[in-house]
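In the two assemblies presented below, chain A is common to both, partnered first by chain B and then by chain C.
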Partner chain A sequence: MTERPLEKHTQLWVGPQHPGITGNMSVQIWVQGDTIQLGRTHVGYLHRGFEKLVERRKFIQAFPIVCRICVPEPDTNEYLLTAGLEELAGIEIPERAKWLRTLVLELARLAATVQALGGQAGTLGLGVVPNWTYTLRDYILDRFEELSGGRVYHMYIIYGGVRRDIPEGFFERLEGTLKTIEERLPALDNLIFDNAVFQKRTQGVGIVKPEWIDEMGISGPTARGCGRPIDIRRVDPYLVYPALDFDVITADGCDIWSRTLVRRGDIEQSIKIIRQIMRQIPDGPFCARLPNMLHWKIPTGQTYLRAEASRGEMGYYMVTDGSDKLRRMHVRGPSYVHGFSLLERMLPGLNIADLSATMVSMQTCPPEMER
Partner chain B sequence: MKTHIETLKRHQFEVLWTHQQRANLIQIGIKAEQTLPVLTYLKTHTPFVQLTHYSAVDWIEDNEFQLTYTLTNPQTYEILMVCARIDREAATADSLHKLWPQAVTYEHEMGEMFGLKFPGSPRVGEPFNLEGWRDMPPMRRDFDTVKFVRDSIPERPGRQAINTRDYIGAEAGEKRLLHD
Partner chain C sequence: MNNLQGLADYAIRAWFSVPDPARWPYTWLVYLGFILLAGLIAVGFAAGFAGPMSFIERRIAGRMMSRIGPNRVGPQGIFQFIADGIKSLLKEDIVPAEADRPLFLLAPYLVFTGMFGTFVALPFAAHVIAADLDVGILWLLAIPSLVVVGLLMAGWGSNSKWAVFGGVRSAAQLVSYEIPSAFALLSVVLFAGTLSTQGIIAAQGPWPWEWFIFRNPLLFVTFFIFFISALAEGNRAPFDLPEAESELVSGYNVEYSGMRFVFFFFAEWANLWVMSALATTAFLGGWQVPGMPAVEIAAMTGWRFVGWEALSFLIFALKTSVLVFVVVQLRWTLPRLRVDQLMTTCWKYLVPLSLITLTGNLVLLALVPERGVVDWMMRGLMVLIAAALALRYLQRVRANYLADRENYRKMEGKELWYPPYRLP
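Moving on, here comes the complex of A and B:
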């Protein structure tokens, strides 16, 4: 395909307010007939200057800011902020806190993956599926509310560990939620994967070439849908993931179908991980003793820390300068790669009707792209 | 990973400093003029083929910008962080878009947020997040966010404001807590 659109073309803007667009972003496309010739991603509709705001606030005040970088899965941001600053400050967290953090991260991955599965079906007109999956996500949010007081933004992971220990009977209720999700999975499979429309619209559509993975830094289900077992939990393990038994799900079609299959497999793996945590979590303190948060200063240093979000590798680059505020924070979410360079490369040749499904299959998340 | 740094030195690249942040993360400092040759060498002769992250830090007190290139070895997931400092007034650096296509996005953003120039980079100068922005690049340290808000957002008449600093200070029983 050409770098410039052909002479005879129609220019269209998809978004920023469009049911087929994830969040508020827009894709400018040049089409000839039904075929996209060229596409450009445009962001800025959600820019709230998070990276600038944290430079002007004390470390403890950064919490209500970073969780808003990803609405469906805020906990990865909380974890990376805390773990990065703990590394720079030389703070060790208690063993139980590591298990609780892993539990919360996995619950967040589960909620986001369930939601994404429904979102994918929704882009192809299967409206019932998102209704069901949003309900399942809501059951997980009930557990989050019980644990942290918040449904969407939790701020449960804090410097030194977690904010509080689990309430009494929490694991029994969590087990009930997991069983409810498991019971619904066969029905979801029937609605999604046995559906002829879904099969026809996703198989061989939205191809990601395997050679792009290393070249562009593609990760998560987008890379695993090309047969590459890239999972930060396994390749660069953190918290208690090395002690847990789970499979890295892959598929080799490189298309939307494969990425959806990977997400479907991820749901079962997250449930498996959560059950192991419930069985193996040790007793002990849930938070380390820390200096006064209002006067906490961290020595000069810089680090890059990453974790596996449901969409792929989430990375935080943080620089401290000996003061009580971050000198610089830059968030490299998976959407930063998937939503700009990868999406723009995938658009030429795509049918206009497949734009939404292709974009959602990579779970592009605008707040993460513009921060 | 240390062998690759030694190889860099053997190839006449000047490594100004090295720091092992953690087992799989090493940071090195290089001269700005050697950025492109060093990164080209690392991509073509070592396993650090993936540009995972690329950003800038404003060291206003030194009148310099630091450019940080985070490279990953996709076989071992070791990270090599390459840092180079450039003059803050000139604010010009080599573009990496021919080495890594996704560098275009990072340079596009840094061009807008820090006012950095990357000659040859295809989209620097186009709006990224900020449409019609006429002020100083907002991620520079001397950009005053409070002044910007006061100048650009008019105060609503009759609105009662609580000074957060005084309020939190009074609650915590301390004085001059925030932003001082």
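Moving on, here comes the complex of A and C:
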């Protein structure tokens, strides 16, 4: 990259303090008029060294750290950490725990997707929708609070299963929450998808070319918005997903509109999955017997596990060396691909106004980029 | 006493017992005093409108967003705008070190002046107008151009790239949208045969079928052209690009703080009234009181005169507030357009459309005799269409109210005691 890529340009820094940016990162753009000619993403404003922090702590102490890798949806991180270490230590978890984990993962996906839908509308100046979706997310957080005691960081999934069984009458209240969300969805559709201005702003904007998917490792709604049904829940099934009936939503516009449509479909699918879990969950213990956590040592080994987060493929690579700490942990977050290199590719030719809409349409999460 | 000068002359005659004010040496002094007084009243009115309006809009927004809105300062939070004003007054007036100081300091006043200059020719009631200019419409189109200069100065003077973007965007937007709005008003001027705002109102009648908006189908379209252009000129959603927060942070006023920021803010809220009042004047019959022509009001004296004037003002304010509410509602239901889409809307749709309606209006003016059979048929048809639309609107308001009441009863187990602010 040259310092001055163009004859006539204005250089702008979008972020790190900018309302249109998803979190603490910045995008340096060179514009002519309102059109972006070139863009560079800069991260490092939020680097807390999650991986190294985990490697210096005992296994049980890792939970508060991995939660923070993605704030809107922390449960995927907890699941991957526990599942990876259970695999390395050879711990079998009870059947009920698997169902409960799936339930929590889907609840978290629902909360994150609902929030993302509102965020998408918010970037285009539709200030009402984020408020509505945050309300809906809050109802889900109420259920999380009941389940785990925490609203944002749950730490519900632990080694050997889950931390506690569901409280009494939880499913009835959860069903009420799902009903509420379903009742409000038509209003959201009215305001978002039936809105002519929203259609004008999103259709054909923020194109992800289908050939980039394999080249860059794009996954999640961003890939599914290009018509490729990449969903780790189907590609590489984990937990009880093979037993569940759900559709992989795709759309083929490759633009912000398609990604929003995929999110909208994901909300319905998540609700469907949660209903199935509530019907089919078996009885039994919710946690396996575990060794003393303070002296838990895991034999030498390595593993890579992946799961579908609401933003795409989330993967954990973990190496143990027989001690009570991880030798190496590496987090592969979808945002690293989407928000970093893919965004840079998408920027040229984009209007300044569409920058934040494009970024939010991929739900990039800066902590995930700088683990 | 049709205007300020008449009032001043009347006062000179009455208070100083001068028979001929034109020859009295101190006349200019009295005139100056009256001008200052009128200015104060206009600004006071604008302040009295802008402040509460900001509170009302925030409450409406809160209602639409399923939250409460400001409710801490005073009963139900109605003094929120006063608290905000005091806070802004007490804040430090920061001028960025690298800013172009004179431009930066001057810009808010230009915006303020441009916006409040319009109050000179805006009528409020049958005989309440600062100056019934012969070229009132021209003045109303010309004086807001000062706002463009002010916004450009604010953007450039801030020495911030985001502010420049906001300033340039808003200049481009205002200059572009002045054209369709001017053409739209030109149609009205053709029908009224005068440029004076009071004259335009006098050319209409008090009843809906006598308003210009329902005069013929083309003027009905013209009204919407004017309304959309006025929205864009006032930087209101969906045309609020100069201050698009997710793109430009806050646009041209991003570096301003304290009272200077309030000037921008104030001008923006006052503009709500200006654009709605202009639309009411040109299309919705202004202050016309049913069954009482302006001439008869002028012939009255004493409290009867004041009472009828107040009634005409109430009618005018009611029509204007309806438009203001529509604008507020639009803001919270429509996303923002992109710059190129904004320009497309103006140059590819509104400008050609306004030219077509202008030509069509000319043809109608030449061919259809006023108050002939065809004229009455057109008016009747338009009024019927509008009545149907209004009925549908009220139906939805009622449906929403019923739904709200039901929800409230379900959630709280109590009857809804306040009217919900949600509109369709």
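Throughout what follows, the second predicted complex is superposed on the first by the 367 of 371 C-alpha atoms of A that agree within 3 Å, B and C clash if a C-alpha of one lies under 4 Å from a C-alpha of the other, contacts with A are read in each partner's own complex, and residues count from 1 in each chain.
Keep this in mind: contacts are C-beta pairs under 8 Å (C-beta built on N, C-alpha and C of every residue); 3 or more make two chains touch, one makes a residue touch a chain.
Predicted, not measured: the structure shown is a model, and the values here were computed from it.
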item	value
Which superposed partner A:G127 touches (first chain B, second chain C, both, neither)	second
First (chain B), second (chain C), both or neither touched by A:R164	neither
Touching partner for A:V43 - first (chain B), second (chain C), both, neither	first
Which of chain B and chain C A:E370 touches, first, second, both or neither	first
Which of chain B and chain C A:N351 touches, first, second, both or neither	second
Which superposed partner A:D214 touches (first chain B, second chain C, both, neither)	first
Partner, of chain C and chain B, that touches more residues belonging to chain A	B
First (chain B), second (chain C), both or neither touched by A:V337	first
First (chain B), second (chain C), both or neither touched by A:R68	neither
Chain C residues within the chain A interface of the complex	61, 64-67, 161-162, 165, 237-238, 240-241, 244-249, 332-341
Residue ranges of chain B in contact with chain A within the complex	21-22, 24-25, 27, 49-53, 55, 57-58, 68, 70, 72, 74, 77, 79, 81, 83, 100-102, 104-105, 127-131, 138-139, 141, 143, 145, 172, 174, 177-179
Chain C-touching residues of chain A, taken from the complex the two chains share	10, 12, 18-20, 34, 121-128, 131-132, 135, 191, 195, 197-198, 200-201, 351-357
Residue ranges of chain A touching chain B (in the complex, touch as defined)	43-44, 47, 49, 51-53, 55-58, 61, 87, 214-217, 230, 232, 235-236, 294, 301-304, 306, 313, 315, 317, 319, 327-328, 330, 332, 336-337, 340-342, 345, 370
